[in-house]
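Listed after this line are the structures, all set down as C-alpha cells.
Each of the next two complexes has subunit A plus one other chain: subunit B in the first, subunit C in the second.
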Partner chain A sequence: MSTHAAPAPTVLPAAIPAAPAPAPQANAGKALGIGLAGLALTALGLLVPGNASAVAVAWLVGVVFWTAVAIGMLMLVMIHHLTDAGWSVVLRRQFEHGISGFKWLLLLFIPLLVASWLGAGDIVWPWGNLNHVMHGGHTVGHDPLYEKKSALLNLRTFSIVSVAVFAFWIWISARLRKASFAQDLDGDAKWSAMNHGTSASGITLTALTLTAGALCWIMSLEYHWGSTIYGMWFFSDCIRGALSVGLLVQLWLYNRGDLKGILNKKHLHSIGMFMHAFTAFWAYVAFCQYLLIWSADIPEETFWYNLRELNHDGSTNQWWYVGLGLVFFNFLVPFLLLLSYKHKITPAKVAPIAAWILGTVVLDLVYNIVPVLKDAHGDPQPFLSLNLVWIVTAVIGVGGVFAWSYLKSFASTKLIPIRDPRIVECITYHE
Partner chain B sequence: MSQVQTSVATQAILDEVKPAVLPRPVLVENNRSHAWITDKVCGVIEGKTPLWWWICFAVASAVASCSVIGFAYLVSTGVGVWGHANPVNWAWDIINFVFWVGIAHAGTLISAILCLARQNWRTSINRTAEAMTIFSVACAGLFPALHVGRVWLAVLPGYLFPAPNANGIWPNFRSALEWDVFAVSTYGSVSVLFWYVGLIPDLGTLRDRFFKRGDKIRSAIYGFFAMGWRGSNRHWVNHEMAYLLLAGISTLMVVSVCTIVSFDFATSLIPGWHTTIFPPYFVSGAIYSGFAMVLTLLLPMRAIFKFEDLITAYHIDCLCKITLVMGTLVGYAYLMEFVIAWYGANPNEGFTFVNRTFGLYSWAYWIMFTCNVVTPQFLWFKKVRANFAWVFILTIFINIGMWFERFVIIVTSLARDFLPSSWGYYSPSIVEILTFFGTFGVFSVLFLLFIRLLPIIPMAEVKSVTPQADVHGKHS
Partner chain C sequence: MAAQPYGLIATFESASGVYHAAETVRDAGFKHWDCITPFPVHGLDRAMGVKRSVVPRFALAGGVLGFSSAMGLAFFTGAVDYKIIVGGKPFFSPIPTTPIAVELGILCAAIGTVLGFFFMCGFPMHYHPVLKSDRIVPALDDKFLIVIEARDPKFNLAQTKALLEKIGGQDVKELEA
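Then we have the complex of A and B:
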C-alpha cells in the first residue's frame, strides 16, 4: 500500500478524541435477524423434492463469498502492516472487525460437511460418493482419475483441510485484532512491531490456505479439471470483495457522522485505485487461464469451459451468457468507470461501483460453482432457475451473520485506531 | 465529502491521545542540502575518470568481445555451431533471451509501479534500475535477432517482422513468438522514453554546471538533450504529466512483456510448459531476478561513490523485502506446478516433474531450487538485510538461480519429450557459452558508460523527497 502522507501536523482533527460512540452496533440484532431469515429461507428449499443439492450448492456460494471477503480483509490487514502504510489505518480497523467473522463462517460451513458425511456424500462434491454416476455412465469409484486423486478427495481429508484452514484464519485474525486493540489502550509501538511480524509469516500461510480452500471447495467440484492459476483467481475475488465491502462500510460510517473529519476524498481515491488495479488483475488471471486452455485445446481442460457454453446437443446454454457477462460486467464496466478520478472520489459514484463489483464477484463465484448441478443429460442446470433464489437467500443469509459479527466487534473497541503510530498520517492524508 | 480537514484542535489533544511513536526512516541521511546532493551526483561525471573505471571498462570490453566473436562465428557458419539437436532444438538462445528480459523488468517496475503507488523511496534508485532495464533489453534482443543464423534475415520481412516474405508467407500472427517481437520492441522503446523523460531536468542541471565551468562543448551536448529545460513551473507541470502517463503505459508493459514471453511456452502442448500459472509466474520471476540484479549493481556503486546518504540502509532493506516477496511468489508457482501435476493425474505431466527433480538434469533443478527458494529465505532476517556483503552474495545466487530456472523449464521438457526413442541430452557448445558470457560484457560496457556520462541518481527526484522540499515546512 502506498504511504504517501503528510508528516505529522501539530494538530489533530477534532474527531479523534471524541471517538464517537459506537452506536452502529445497535443494528447488530437487525443484521442477525436478516441473516437468520435468509438462511432459514435457503433451508426451506429442502422442502422442494430433489432440491437438496441445489440448496447445498447455494449455501456453499454464500459461505464461500463471505469467506472470500473475510480472506481479502485479512490479506489487506497484513499487507497494511508489512508495508507500514499510513493512509489505510482507519480502513484497517473496519477490516479488523470483518475478520472477526471467520468463526461464524466456519460454523456455517460445517453443515455442508455434516450433510456430506451423513448423506450419500455427493450433496455438493460429486467425488464424496463413490457410487455417484458420472457423465458417461461410470461411477466415481471406477474412475481412474479419481483413484489418483483420492488421497485428497475423500471426505476425511477434505474435512480436515477445511477445518484446518478456517482454524488458521481464526487464529491469525484473533492475534492481529488483539494487538491492534491493545494499542488503542496503551499506545505502545510494540503492538505494531508484533503485527508486522505476525503478518510476515501470516501472509505466506494465508496465501497457501486460501489456495487450498479454492482447490478443495471450488475447483474439485469438477475434479477432472485442474488449473495452476486457480488460487490467484480466488485471491483476486477475495481482495475485490474486501475492498468493496470496506469502502461501503466506510461511507456508511461517514454518512452516519462517525467518520466526519476523518475520511477524506484522498482515502476514497486510494481505495478506488486498488479496486481498479484488482479489477485489472482479475481480468488478467481469468484471461490467461482462458487463453491458455483455448490455445492448447486439450479436451481434458476445455471441457470445463465447454460445460459453461454448450449443452450435449450442441445448443448454447445460459452459462455462455454468464461467462460473457463476466467479461463485460466484472471487468469492462468497473474498469472503465474507475478510470475516472471523479468516479473514485465522489461517494455517490464510487459506492454504486463498489456494490456492482460485489455483485459481479458473486456472479463469478456462481459461474465457477453452480454448474456442478447437472440435469439428466449431464448438462449444467440453467442459470435462470429456482436455484437462483436459494443463492440470493444464502448470500444474504451468510452476509447477515457476517454483518452481525462485524457490528459486535465494532462495539468492542474504538472507532479508529487512535494510538496507531500512523494515525495522524492517515487523517491528514492528501495529494 | 470534505477535503483534508485539519482542525484547530490543539497540541493538547495530541498529548491526550498519545499515539504510539514509530518514526519513519529518512530517505536522505544526515539532512543533506539540495546543493550537496547536486554536487555529489554531478561530481561523478565532472571528476576525472578514475583508474578503476578504465580497468573495468577494458575487462568488460574484452568479455563483450566473446559475444561479438561468437555471433560472428554463428553468422558466418550457421546455427549448427550451437549445441542444439533433436529433441532440444531450443536452448541457450531462448534461455538467455528470457533471462535478460526478466532482469529488464525491475527498472520499469521501480520507476513506474512504485511511482504510481507513491513509494518515495524509489527515487534514489530508479535511474540505475532504468538504465539496467534498457541495457538488459539490448542484451535480450541480441538472441532472437541472431538465432536465425543469417542475421540479415531477422530484419527482412517474413522472419520476425510482420510482412510477407519472398514466397508471400506471413509470420504466424497466432504465434506468441510473433507477439514477442511487438512486446519486446515496444517495451524497449517505452523504457528508453521513460528513462529519457526522467533525465531531462538533470541534464539541464549538468548543462548549466558545465557552462559555469567553461566547458562549452559538454554544456552544448547536455543542453541539446535537455531540450531547453529551464525548470519553470510550466516545464515541471508538463514533465510530471508526461512522467505519470509514461508510468501508466510502462506498468502495462511490465506485465504484458513477461506474460507474452511466458506464452512462448504455455500456449504449447509440451508437458511442463503448458500450465496456466506461467504468466504471473514469469512476471514475478522477472521482477525477482531484476531486483536481485539491481542490488548486485547498486551495492558496489553505493560503496565506490560513497552514496550512503542517498542510497540508505532503508533503500536496501526495501529492495531486499521485495526480493523476498517475489522469491516467495516464485516458490509458490513451483509448488502449484507440482500440486497440479499430481492432481491433474496426467502421466506425461507427472513424469516431467519427477524427471525434473530426479532425472538427468536434477542437478540443474536443485541448483535452481536452492538459489531461488532457499536463498531468499535468509532475507527474512533483519541482520542479513543490514549486512550488505551478505545481501550482495545472496543476489548473485539469485541471479544464477533465475538463469537455471529458464534452463530447467526449457531443456528438461524438451530432452524428454513424448517419444522416448528421440530422447537426448543437451549440452551447450563452447560458442554458446562464450556468446552468453560475452553479453555480461556488453551489459557492463553500457553500464560503465552510463556511470560516466549520466547522473546515476535522479537529483531532482531525490530533492523532492527531502524535508527541505516539504511544503509544510517540517525541515529541521
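Then we have the complex of A and C:
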C-alpha cells in the first residue's frame, strides 16, 4: 500500500503486437514504391506548360530537406563519438542507417544539375543563365554583383562543389558505418577509437561542407543577398529534422516490439531535451539574422525579407503570413510543448510534436527557397498555389527513397550496436 | 527528557539493506523521513518514492518574470512614460527588445533555479537534530541511516520502532529534538 507516488517504471509499458510483425526491412519495397511514385508525380508537373521551374524548385526542396535530415544524423553520430556518449548508442545505430542515404540523395540531386546544364540554365538558380533578366531590366551577365561572385556562381564550379560535398558525406558516412558495423562482429574497442578520430576531423569538415551546401543551393537563389549566419541556420534545421526522424523511428521500432526492453523513458527524455534545445537554437539563429538586417536597415539586405512581406505595389503577400507562422509554429508551439517533462517521455505526446517539427522544418526550407519563383511583376509567386502540390510530392518522393535506403541498411546489420563498449550504459540509462 | 523526540533513527550495514528498507518505509506510507548515506545510492530516490523535483517550476516562473519585466520596462519607458524619437525608429518594437528580454529571462530563470533549489532543500537551516547525534559520523563513512520523524501522521513510537527493527534496522533509538 503506497500513498507515495508509485515508482515510475523505467521501461515503457509493453506494446508488443500479438503476432510477430514482419521484419522492418520487409517494408523496403513499399517505401521505394512510395518514393518513386512521389517522384513520378512531381515529374508529371512538367506536363503543365511553363511549370518547369516550379517543379525543379519543388524537387530542390525535397532533396534539400532529406539531405538536411541526413546531415543532421551525420552530425549527431559524430557528436556522439566526440563526447564519448553512452546514452545514445542505440539511437546512433538508427542514424548510421539513415546516413546510408547520401548516395541516393546525390543521385536525386544530379537531375537539377543536368537540367541546368542541358536545359534553361536558370531553371532553378537565376545566375545559371547570363541572359536571365533581373528585377530592374538588366541581365545577370551585366550585373556587377554577379561578376564579383561569378567565381563560385557558375555552373561548372557549382556542380563541382555540389558533387564534392556529397562525395565527402558519402565517404565519411561509409567510414563511420564500417567501423561501427565491424565492431558488431569482433567487439574490438579500436573501432570506437577509430570513430573518435574520424569524428574529430569530420565534424569540422561537415560543418564547412554543409555551409557550402546551404550557400550554393539555397542562399544563391537570391545571389544579391548574403547572410553570414546562413550555415548555422541550415545546421539547426538539419539537427531538428534528424532528431525528429530518429525519435519517430525509435518509437516505430518500439511499437513493433524490436526495441522493447531497450528504449526507456530516460532515452525519450534526453532526445526530447535535444529537440527542445535545438528549437531554441533555431529561433536564436533565425532571429539573429532578422534582427541584424532589421537593425542595419540596408536595402541590399532588407530586400530579401521585403520580398517575403510585400508585393511591388506595397500590398502584403502570402509569404508574410508564412514568415509569421514560422515564428509561432516552428518555434513557440514546439518550444512551449517541449518544456514539459511529461510531453517528452509520453510517446503519444512526443511523436506528434516530432512530426509537427518535421512539417515546420519543411515550411522553413520552403520559405527560404520557393520565393525564387517570381511572377510577371517580379513578386514571389503566392505560397498557396499549384507549386505546393509538387513540393509535397517531392518531399514524399525523396523521403520514400530515403526510407528505402534506411530499411535496406537496417537489414544488413544488428538491431543495436551489441558489442559497443558503452551499450550496457545505454540500456541501463536512468536518471 | 523532552516530551516528544525528533524521531527514530536506525542504522543499516549495507546500501542494499537501506534500499530495501526504504521501499518498505515508503510502502508503509510515511511522508516525513529520510535516508542518510555516505555516498549516492542509485535508485534510492525511487525506492523512497521521491517525486520529480519541482525546481523546473521555479525556473519557468523566473524566466517568464524576467522576460515580461524587460519587455514591460522597454514598453513603459519608450512608448508611455518618456517618448523620444531615436533614429526614426518606433517608440517600441519587440524586435530590438527581444535580446534584452531573453537575457533577463535567462538570468531570472537561473536565479529562480538556484533559489528554488535552496528553498526545496529547506535552506536556510541552522540546526538539524541528526547532526547532533554521534551516529552521523559512521554514516559519513560506511553506515547507512534511516530517520523517521515524529511529526509524521503515521508515526507511533512502539509500532514504528518495531517496523524499523523488522526491516533490518540496528540500534533503533529515539533521536533527541
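By our rule, the second predicted complex is superposed on the first by the 409 of 431 C-alpha atoms of A that agree within 3 Å, B and C clash if a C-alpha of one lies under 4 Å from a C-alpha of the other, contacts with A are read in each partner's own complex, and residues count from 1 in each chain.
Keep in mind that, in the parts below, a contact is a pair of C-beta atoms (placed from the backbone, for glycine too) under 8 Å apart; a residue touches a chain by one contact, two chains touch by 3 or more.
All of these numbers come straight from a predicted model, not from anything done at the bench.
With both complexes superposed, B is the one of subunit B and subunit C in contact with more subunit A residues. Once the two complexes are overlaid on the shared chain, A:Leu36 sits clear of subunit B and of subunit C alike. When the shared chain is aligned, no partner comes close enough to touch A:Val163: not subunit B, not subunit C. In the superposition on chain A, A:His430 makes contact with both subunit B and subunit C.
When the two complexes are overlaid on their common chain A, residue A:Ser295 makes contact with subunit B and with subunit C alike.
In the superposition on chain A, A:Leu248 contacts neither subunit B nor subunit C. Legend: residue contacts after superposition of the two complexes on their common chain; A:Ala411 is shown touching neither subunit B nor subunit C. When both complexes are overlaid on chain A, the residue A:Ala189 reaches subunit B alone and has no touch with subunit C. The contact surfaces that subunit B and subunit C form on subunit A in the two complexes overlap at residues 1-4, 6-7, 291, 295, 430. The touching residues of subunit A, when paired with subunit B in their complex, are 1-4, 6-7, 9-14, 16-17, 82, 84, 144-145, 148-149, 152, 183, 187-189, 191-192, 200, 204, 207-208, 211, 215, 226-232, 254, 260-261, 263-266, 268, 284-285, 288-289, 291-293, 295-296, 298, 300, 345-347, 418-424, 428-430. Subunit A makes touch with subunit C in their complex at residues 1-8, 287, 290-291, 294-295, 339, 341, 430-431.
Within the complex formed with subunit A, the subunit C residues making contact are 26-29, 31, 42-43, 45-49, 51-52, 56, 60, 95-96, 98-99.
Residue ranges of subunit B in contact with subunit A, taken from their complex: 1-11, 13-14, 16-22, 24, 117-120, 255, 259, 263, 266-269, 274-280, 321, 328, 332-333, 336-337, 339-340, 343-346, 380, 467, 470, 472, 474.
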